[in-house]
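A, B, C and D are the chain letters, set down in written order, and residue numbers restart from 1 in every chain.
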Amino acid sequence: MAAENKVALVIGAGDYLGAAIARRFAREGFTACVTRRRGEGLDDLVASIEDAGGAARGFYSDARDEDQVAELIETIEGEVGAIEVFVFNVGGNVKFDVLDTTTRVYTKVWQMCALAGFLNAREVARRMMERGHGTMLFTGATASLRGAAGFSAFSGGKHALRALAQSLARELGPNGIHVAHVVIDGPIDTAATRELFPEYFAKRGPDGVLKPEDIAETYWAIHSQSPSAWAHEVDVRPYVESW
Amino acid sequence: MAAENKVALVIGAGDYLGAAIARRFAREGFTACVTRRRGEGLDDLVASIEDAGGAARGFYSDARDEDQVAELIETIEGEVGAIEVFVFNVGGNVKFDVLDTTTRVYTKVWQMCALAGFLNAREVARRMMERGHGTMLFTGATASLRGAAGFSAFSGGKHALRALAQSLARELGPNGIHVAHVVIDGPIDTAATRELFPEYFAKRGPDGVLKPEDIAETYWAIHSQSPSAWAHEVDVRPYVESW
Amino acid sequence: MAAENKVALVIGAGDYLGAAIARRFAREGFTACVTRRRGEGLDDLVASIEDAGGAARGFYSDARDEDQVAELIETIEGEVGAIEVFVFNVGGNVKFDVLDTTTRVYTKVWQMCALAGFLNAREVARRMMERGHGTMLFTGATASLRGAAGFSAFSGGKHALRALAQSLARELGPNGIHVAHVVIDGPIDTAATRELFPEYFAKRGPDGVLKPEDIAETYWAIHSQSPSAWAHEVDVRPYVESW
Amino acid sequence: MAAENKVALVIGAGDYLGAAIARRFAREGFTACVTRRRGEGLDDLVASIEDAGGAARGFYSDARDEDQVAELIETIEGEVGAIEVFVFNVGGNVKFDVLDTTTRVYTKVWQMCALAGFLNAREVARRMMERGHGTMLFTGATASLRGAAGFSAFSGGKHALRALAQSLARELGPNGIHVAHVVIDGPIDTAATRELFPEYFAKRGPDGVLKPEDIAETYWAIHSQSPSAWAHEVDVRPYVESW
């Protein structure tokens, strides 16, 4: 039975972008496997996907822990189905001047952004390489492309993740695995950003801030591409963005 | 009646990529307006779109000539309908060492790649700005990103076109016009490239060379994005590409 | 006698950066050949270099005119000496929205930024290739790297020039010719910019705006590099710059 | 007495590039403080600098260890002099396919390339910020700019280091501290690379491979720049390089 399910695994499926991506792939018949490190809300996400007629499974897994990652992938491949789509969406955005960045913060942000990406991607890639197909999508940010003031930790992690995505694309592409990196240029519309930047939202109006479901559409479009014309990097930003 | 047609205008609609893009948008109900500077085959392209149940119109227009461009846009907007999608797809790929590049070649390649893009885009942008919506898509190449040996003329033109697309995106985006640049990294599968690089094709097998219709799908996907998450630059290449 | 002079040719030797570069190389024993299209001040520049103990020659030459360029290089190589250093420093910075950019402006800016660079570089490269050594330095700008709003013409020209510099570097480098591109990120301290942006200058204080002689030092440093470790692209900006 | 010494600190002063940079600054009157994690040869390096008439001090310090870094900087500033120039030159180049990259390797390479850079730079920056001047130079590589096949670990670390250099430049520049990143594009001429790539060396001839002392010259040139025109990123490669 497991063999019949196509799985879309979303590592770091928070309430917004990760959830929207999971929903988007569930709508197309994938069993959405969604993970978080801890916290509540995972059941609600699974339930909301099921209520919409989709299939979903929730897993608590520390994406930075090699053993938990191995167990997660083992469990999903054994009990749910083959991971056809892998989305790495763990965040880690913090802002500190370099002089105020503790070693602990610098290290943790890298663990979340890059090490976790490496651990999960490597484990999934092993399975995809055996099958000769699959899609791996990485969530990038403005900080993936430039080290702005205040972002030594976050841009360090995101730059490393981008490098990983490029190496994976070059190594796995010829084996039929589509690896892409989506650069999300701007804050996403979430409860947190609405509270943090009320004036920003007010000024920008509808569609002026990145909506999770609109971004998710691009993840789906990338997965849908034919192998003669695969995208590797796509940037997305609101129409009003100044960049 | 004209007002009811949504037009997708493809400047430089050769037999391959331009034709495929025109077909893709025609399939969605757009009236495909396709242009070439001269030569045969335009009627065949129009006929093939109509045979598939779509609407199309062919125009001979020298994309580098300001007056012809003005007339073309005037005619289409007056007689066919509002240009909702604009695709600039004029080629210009030549390879010469700098020392063997004549002033005529250097100038003509720029006229085809960049000046023609500017002339057509500016004219269409005027109309789109009045309406407050529209999509402008530019065909880029590997040479848009790097000046390789032998490509001073072509990469000069393509770099300039990329700069134009960026300026347009920043100027017109906030007015509701989606401007994007597609970097096509590798040769497209055409009669000419098949003849030019037979070993390349043989070695790569199916899907190993960029197919026009697969690329066209990405043009459609970009047009379909919601304004909260517009892409500006997307690179596409075959899964086997070494880059 | 001509054969004994080492020439540093500066195309576009205005009163500021071009003049400073000419002075810097003259100080090292080069005969500075400085060109402008027209206008006064060339004699003053030559005189100021000679007063400082250097050698200089002034030439009026339209850098966009193939015949004038051929004649210029012929004259210098025949009457002054071998061009050991070539600096392309023609400006062209204008700012217009795309919709307000005339075809004439778009074309002229490209002629100044890119075509002139091509014509002069090609002519000089022919001589350098025969000799197997030489240095070619191109003045870039922020607009060489991004197409900002208002800069479709200027960034088009500057992007094309950057592509040219890259192609030249790749083609001529293995023959012993060092080609580099200097990205000048910010306004240079000139009478014009002081008048245009008085508050900018006031706010930034000494060293807060790019000084021609400080930039010139980097041109000299690039020329001085050993061939095992040549730079191709160097960006310079004031220490207070926000970028 | 300590206060009178200007210190150039080179973290990761191996026998080649790090040593050459130390020698270059020692020649200009800096006291070269050179560090390695362990191994022999440090005394020889110090002796060779002293034999040439310079001043040097050697330190064993694990650049990845926060406590050792704090102690190192404390000792140098207290006993030798103010660190005026900081060079981060720790390597970490390994090549493995992603699937063969162990978690230990991925982590260690990041610790060497990025964490060590962060720890040392932060500690030195605190002192430089108090003084309002200083130069910080980071050694980059081709892998700083692209994630090639086989380089997920190394390019991850190097991308993160580049992000750090950018954040530092933007945060510290306005306080008078010059931060730059040197992209070394190609293998450096060392005993190890000569043994590893004998054909590469044979084919390229003299000057065909990056010489440590030639690269060091560029570190010195960057340090010598005036604050109105500081470089942030400089790429260096041999004249014969294909890139």
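As a working rule, contacts are C-beta pairs under 8 Å (C-beta built on N, C-alpha and C of every residue); 3 or more make two chains touch, one makes a residue touch a chain.
Owing to the predicted nature of the structure, the values given are computational and were not obtained by experimental measurement.
A.B. asks: For subunit B versus subunit C, what separation do you get between their C-alpha means, in angstrom?
C.D. replies: Chain centres of subunit B and subunit C, defined by C-alpha means, are spaced 34 Å apart.
A.B. asks: Just the number, please: Cα centre separation of subunit B and subunit D in whole Å.
C.D. replies: One centre to the other, that is 45 Å.
A.B. asks: Mind pulling the residue numbers of subunit A that touch at least two other chains?
C.D. replies: Within subunit A, residues 170 contact more than one other chain.
A.B. asks: For this assembly, give the contact graph shape among line, ring, star, complete and other.
C.D. replies: ring
A.B. asks: Going by the touch definition at the top, which pairs of chains touch each other?
C.D. replies: A-B, A-D, B-C, C-D
A.B. asks: What residues on subunit A touch subunit B, complex-wise?
C.D. replies: For this pair, the touching residues of subunit A are 170, 173-174, 176, 178, 189, 207-211, 214-215, 217-218, 221, 224-243.
A.B. asks: List the residues on subunit C that touch subunit B in their complex, please.
C.D. replies: Result: residues 66, 97-99, 101, 103, 106-107, 110, 114-115, 118-119, 121-122, 125-126, 129, 143, 146-152, 155-168, 170-172 of subunit C touch subunit B.
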